[in-house]
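Below are two complexes that have chain A in common, paired first with chain B and then with chain C.
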Partner chain A sequence: MIGKNRRKRTWFAAAVLAAGSLVATSLPAHAETGVSASEIKLGITLPLTGAASPGYNKVGDAMNAYFKYVNDNGGVYGRKITLIQKNDEYSPTLAVAKTNELILKDKVFALVGSLGTANHKAVAKSVGLQRRGIPDLFINTGFSGFADKKVYGTTFPLFPSYYMEAKIMAEFIKDNYAGKTLGLVYQNDDFGSDAVKGFAQAGLKFDVTIPYTSGTQSASTAQTWVSQLAAGKAQVVVMFGVTSATGPLLAVAAAAKYAPQWILGSVGGDATTLRALGVPAAVLTGAQGASFLPSPGDTSDEYVKLFQEVNAKYNNNVAFDNNVLVGMNTAMLTVQALRAAGQNLTRRGLIRAIQSKGSKFASAGLAPLNWSSSSQVGYNGYWFGQYDSAGNMKPLSGGVVVYTTDNAKGAVVKSNYKRPAMPAKGLPNNS
Partner chain B sequence: MRNFKFKRSLAFVAVSSLLSLTVVSIPTAARAADPACTTANFVTTCVGATSDTAPYMMIVPANFNGTVYLYSHGYRNNVPLPAAISAITGFPTAVANTPEPVPGGNAAIYGPLLAKGYAVMGSGFARQGWNADSAIKTNVELIGVFKKQFTKTTKVVAWGNSLGGFITQALAEQYPNLIDAAAPLCMASDITPALTLAGDALWGIKTFFDPTIKGGNYSAGAAGYAEAMGDLGKVFGAIGALQAAFAANPTAPAWPATSKVPDALKAVPSRSALVLVALMAGVPLQSAHFDSTSAPSVLPAAQQTSFQLAINPAFAALENMANAAALGVLVTYDLELQAGGAVFDNSATDYAARVADEQFIWSSALSGNSATAAMLGYLAAVPRAKADPAAVAKLKTLTSHSGKLDIPTILFTGVADPVTVAGNQQSVADKYAAYYAEKWEEAKANKKKTGDYKKPQNNLLVLWNFTPEKYTKFTAAGAPDTSLPAATGTNHCNFTAKQYLAIADLLAYAAENGKNLSGGALLTKLRKAGNMTFDRGYSAPKMKYYGE
Partner chain C sequence: MRKRLLFFILLGWVLLIVGDRVDELRVYQGAQISMYAIALSSIVLLTGYSGQVSLGNGAMMAVGGYAAALTLNNLQTPIWFAFLMSILASAIFGALLGASAARLSGPYLAGTTLALAVGLPALANQFGFLGGEQGILFDVGFPPERFGEEFSQYKWFFWIATFIALISLFITSNILHSRFGRTWRAIRGNSLAAELAGVHSARMKVLAFTISSAIAGLAGAVLAMTISLVSPGAYTLSLSFALVTGAVLAGISSLPGVMLGAVILVAIPEFADVVAHRLGDSEKVITHLPGLIVSVLLILSVIFTPNGPGENLRKHRKKKSAH
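Presenting the complex of A and B:
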């Protein structure tokens, strides 16, 4: 709108002059929304209640726990991070309203970790994040469209896109289950159709295909899915849906004694959430899944170990699962992005910092980060593992093999990426 | 999914708000060249008619401070309506041209204004329907009559609702020397985008739910009138059938018996077809009583999510589409009479492109990608409406907005207005932004040339009435309660007296100071009025006509 940028510059100049003439301080004064000499305000929308909330409702608290850990150790150049969580109940309309609230009322500096593809599409369209120049960091959705810099110029996806995940999963299936009868259950929207496109790009065909409409997942709908899969004699079934759909599918299948080899997409494969949804441990045991992070139960991993300590001290020691791991890893990346933007923190500077330095950020990820001036996508790979009886995903017999690919027609390759060492005490010191 | 019994008819609730008629009446004998004035209780009331026979009313307090508010009323039917349609829509049976000096003739608005020494006036206009061109002339004449009668007049501010907002905007653009400040409220922007919305909504209802709806290209004379009135009845018949089906089985409501879509398409719930029509027309999916977010607490958790994502938006579409489709019939018939032929044309419209951006956001309400593809495939295959080029050319000669505002102007609308959707206001804001950019370039060029730099004044203040985050209410049994007042930010021109008076105060300030109020004083004023937001970063969705 008219005059916005000019006004900002004027405010900024006034603030700097004021700082120079009044008090000597170790921090520059700031006119940027959500940033003061002592605080950086961030916001997140996610489902904290409702059918879609199990598991996802832990992400915000996990982020907060890590931010508290950083705050207790000096913050980001002396500024403490405040994360404001808003419950969108997984409703796009409410996500828009809550995001407006974060921006207009709470006046956050940036959004971080917001969750849900439909929700985030609605937010980007209705709230106008790009138009306003509001950084939209490390969103919890892998919709491939968010990688379009022209449309979502301030948005930085963290996950490989669902399209990339499907391409990678296709390669894994071809490597391990050639000749088997294949089934696919997927959410019949851009989330699922992204996957369908990825499988098609990789040349993988399914014998039984079951789309479901988001919001209709329940035990009774799962009965029909299981009947169709069983009738089609599917031996390997890929589930590309949310956890609240995966749960009923596995539980109903177990009750019907239908036991194909399950391969769970990254979105719906969180073990603790599935167990909470009534999936018996025995059913989940042996299922296979994909992840770009280490197993949450792998305490030999330095990041997992640190995050578990942070979880114990700052997060009421809640069950440490993939959602907690994702939340803390996201928070750690956020801290590095804020540091990379420098002491004179601006929204534009933050975006530039991720584009120029994001690929070098330390993270728990076992796949490389790909942010650059030409790529908005974060991780670009997955490894596959198998759930054990405790719900931990363990590498297959060949160890952790990371497959990587791109968001276009590029091939899937086995990566030789070596994760850099974690910063001392898990406290980033980058600039 | 449980059945729902509504406390009140959805369609009726929505449509009755389409038009607010003045409660002020004047004696018919007062139509004279000079106003007939009477004074009582320190207030002078003048009535009369301008040269085009449009009746007007002026109300002037004894302590008149020199500023008068000129109000332009909204769209009224320009043909008589059958009693049954009148009962449903809230439009009067007869064509009414009673003057309306303040919104709705509301004493809670004119009372405080008169008490502060302001005068108010308004015309009933000589012609109803889309009457902007003649109404602008009427208003210009009316200003002259007022100034002649009340020589203390120093400032004229214009405001208006809906079509009256269009008229007000045009007055501000064309007559900056007559008007000191303006406030187009819940405004209509140009005729073609508005006609496109209404026509798409009507065509969608026809195509999915009752192909016997003519939907335009009405015959001449009495036959055409009968066709249009018949269409109104059929539209409400289809909406009523959908309402009954939604109430009986919200998860998979049946299609109306009048629908002729293939049986395979009927596997898609009819609610999803209605949501698709709303999306392709650009009708919001938040309505007076449905927020597209809430669910009855009596439902199990899993069903609550389904209600939130799939069913609540369909009810919102139902409530809003009644407005849009009824307006579609009335506006189409009116404009065809004026233009002399069919004016709605969707022969080249790509409805799939229209909803491409939104179909995923509303995926659950649309029953998923496959169902959406099937519905769009059907829309692509059926015959389209074709306009008469001569009639379209004639429409283009009617007044349109340039966005060039050289006097302080205030825009205000509800973000979920189903008739003059928020994109109307946005289009004027966008046009003004382009105009301002031009002025700025001129100022910079002038600086280069002369060394003098004068920053152009921003004359446009854009305000929004946002909806609450959650507002759908349910009875103890879990049925949506539509007997409650419409939520703020929804329905057509659904403003409170406090909001109108805040606009009036802002207009008075603007007229007095030659610029809009800003900064903390503005924010305080808005906060006190309630549900008025100034947000430079907000941009309402553009109307579908503009290709977004």
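Presenting the complex of A and C:
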């Protein structure tokens, strides 16, 4: 009898153990927010409507197109990527509200490619991205402050900072336009101020300086800018603003027959968007600008060629411009980051993977990536070119020459960086 | 008054427990409900009691929000002082506005305050120290470490917002039950009769405007806290309309109704989201549907229940109990 009871107890214990093991093995090791056996949910906030939306509203769809391409080719370790886009109208208030929706309601695994300096500062603070360990990948802003690991520990900037861009641009101007009267129009917030600090660090002084408040850009405000620039006889004018400010400035200047040498910052220099905003092709032709990516019209570049194919198949073949290129490049980096984090995907694992392997990721960028355990900086260099009549930025004589620098007092140096070859068919296979 | 105090303490205790039991989304929405409750109470006091129609509450909130942020950022003061300054600044602004608008009534006053709602937040674009369209940060900091790692930022917002809302509603409730509340109701009922009874109608109206602005300013600072910044985009015309709608739906002269109104205002975007999803997630629908719902509710309410469904229910209940 005793033996029978003992046997019963042993069977019972074994059954419980077996059932427990079964349950344990059938459950994922760690149920991470936004990750299931078949899906990875990502989120982005960007201006889909509103004054700042022209151009930027294409970034999310471009990312989605590349993710669809990857999903159709097996996804990331069998998981399909879903990108949820939310419209923040370039308003920090809405950006916070929409990011809260993404995190609390849609329960995304990570944020990717979110756009706007002020928006993102508010989001990082209000939502507490660092404190909650939410990965905030490849943000679409170059504010140098985001590279501060202590404050934005889970945020990975992708663009070279505006501070770096200004330092590099200052050297370019000193080399090419010494002795000319210089003008600067810039957005009077963290975005533009970052650039102003960079110019000051490089020792470049402007004869006419015009700050403008974000949201006030229009044809009538551009009229006052042009009047001031013309009155100051500025021969070379640097525009450090969003596209919706650059557009009216160029259009109004052309109408007033004021034609300085324009040098456009990377944020507001997308040719397709500028032309959609009414800038005549003739005005843009000859303007100079900076970029860390190949020209969107350069089909000899393997990344551009692939992205154009993806654009044709998955993105309704929209006009392929810098915004589409940025979106797809961001998406390709995201896929590599997700792969590098391994099959057992966690937020912490993703952040570590970018820190340890991010600098080796393949991308269309012509400047090096700098993510590491001690650096949150993405690209750190630019090349300068001139817009042709088709709106493509062509390198100045001597081909593409990339210059790199840092977020501090480091010098601007010529880069020897060799870009990694694109993975076969543009489908990352890293681990 | 003691009963009222006990009620608010009990309500606070219940909310604290509920806040601990629900997920983060609901906690965040709880903070928004508290903010709306404060804002709606300012309309109840102004419109429901003193009879002055204002469509500019969003502007008053902006004054409070900017005052709190500028105080915190420039003087590095404790949070409570920033909230205090939001009350003070908006009260002064309200007093000035009330004095200049004392001669106006009905649609004229509504028109003036509407212009304020449109123009005032946009003023931020004209002055660099207000941060333009991008605004300025309003950072109340992380929750104290003694609350533990699990205590989220959202819960911290919820606690602060709820604490402020309970105190604000308690004080407002006492004011409305005092002789001031009775005087305002008398003015609202018949201004001439009230003056014949010795009430200084204009002075009392300015006082109502001042107190209402102070409360709205406080709500503006709470709103700024929940999004960690102040910017014109936070205090739009649609916010002013949403507040009026919430107050009307809750019963324009019912202070307890503000809770219902606040819940409705938080629920509208949720409802709009579900509808937009069914309609195929069109960006235009998602962007404009909440505003459309607010407008339709306001129009329907004004047509069928001019004082709001809440007020009708209350009257219906009173009639029933009289029988």
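Simple rule for what comes next: the second predicted complex is superposed on the first by the 401 of 431 C-alpha atoms of A that agree within 3 Å, B and C clash if a C-alpha of one lies under 4 Å from a C-alpha of the other, contacts with A are read in each partner's own complex, and residues count from 1 in each chain.
Operating definition for what follows: contacts are C-beta pairs under 8 Å (C-beta built on N, C-alpha and C of every residue); 3 or more make two chains touch, one makes a residue touch a chain.
Just so it is clear, the model here is predicted, and its values are computed rather than measured.
Superposition of the two structures on chain A shows chain C clashing with chain B.
In the superposition on chain A, A:S193 contacts chain B only, with no contact to chain C. Look at A:S218: by the touch rule set out above, it reaches chain B but stays clear of chain C. Between chain B and chain C, the partner in contact with more residues of chain A is B. When the shared chain is aligned, no partner comes close enough to touch A:A231: not chain B, not chain C. Using the contact criterion defined above for the overlaid structures, shared-chain residue A:A178 touches neither chain B nor chain C, since it reaches no partner. Using the contact criterion defined above for the overlaid structures, shared-chain residue A:K105 touches chain C, although it does not reach chain B. By the document's definition of touching, both partners, chain B and chain C, reach A:P92. In the overlay built on the shared chain, the residue A:A424 is in contact with neither chain B nor chain C.
Across the options 186-194, 222-230 or 312-320, chain C meets chain B in a clash only at 222-230, per the superposition defined above.
Residue overlap on chain A between its contacts with chain B in one complex and with chain C in the other: 89-94, 97, 100, 104, 117-118, 121-122, 125-126, 128, 131-132, 188-190, 211, 213-216. Looking at the complex, you find that chain A touches chain C at residues 48-49, 87, 89-94, 96-97, 100, 104-105, 117-119, 121-122, 125-128, 131-132, 188-190, 211, 213-216.
On the chain A side of its complex with chain B, the touching residues are 1-4, 50-52, 89-94, 97-98, 100-101, 103-104, 117-118, 121-122, 125-126, 128, 131-132, 188-190, 192-193, 211-218, 244. Interface residues of chain C facing chain A in the complex, by the touch rule stated above, are 23-25, 28, 125-126, 128, 131-135, 137, 139, 142, 152-154, 226-229, 231-234, 283-284, 286-287.
Interface residues of chain B, counted against chain A in their complex, comprise 285-286, 291-293, 301-306, 308-310, 313, 357-358, 360-364, 367-371, 429, 433, 436, 458, 460, 462, 466-467, 469-470, 533, 535-539, 541.
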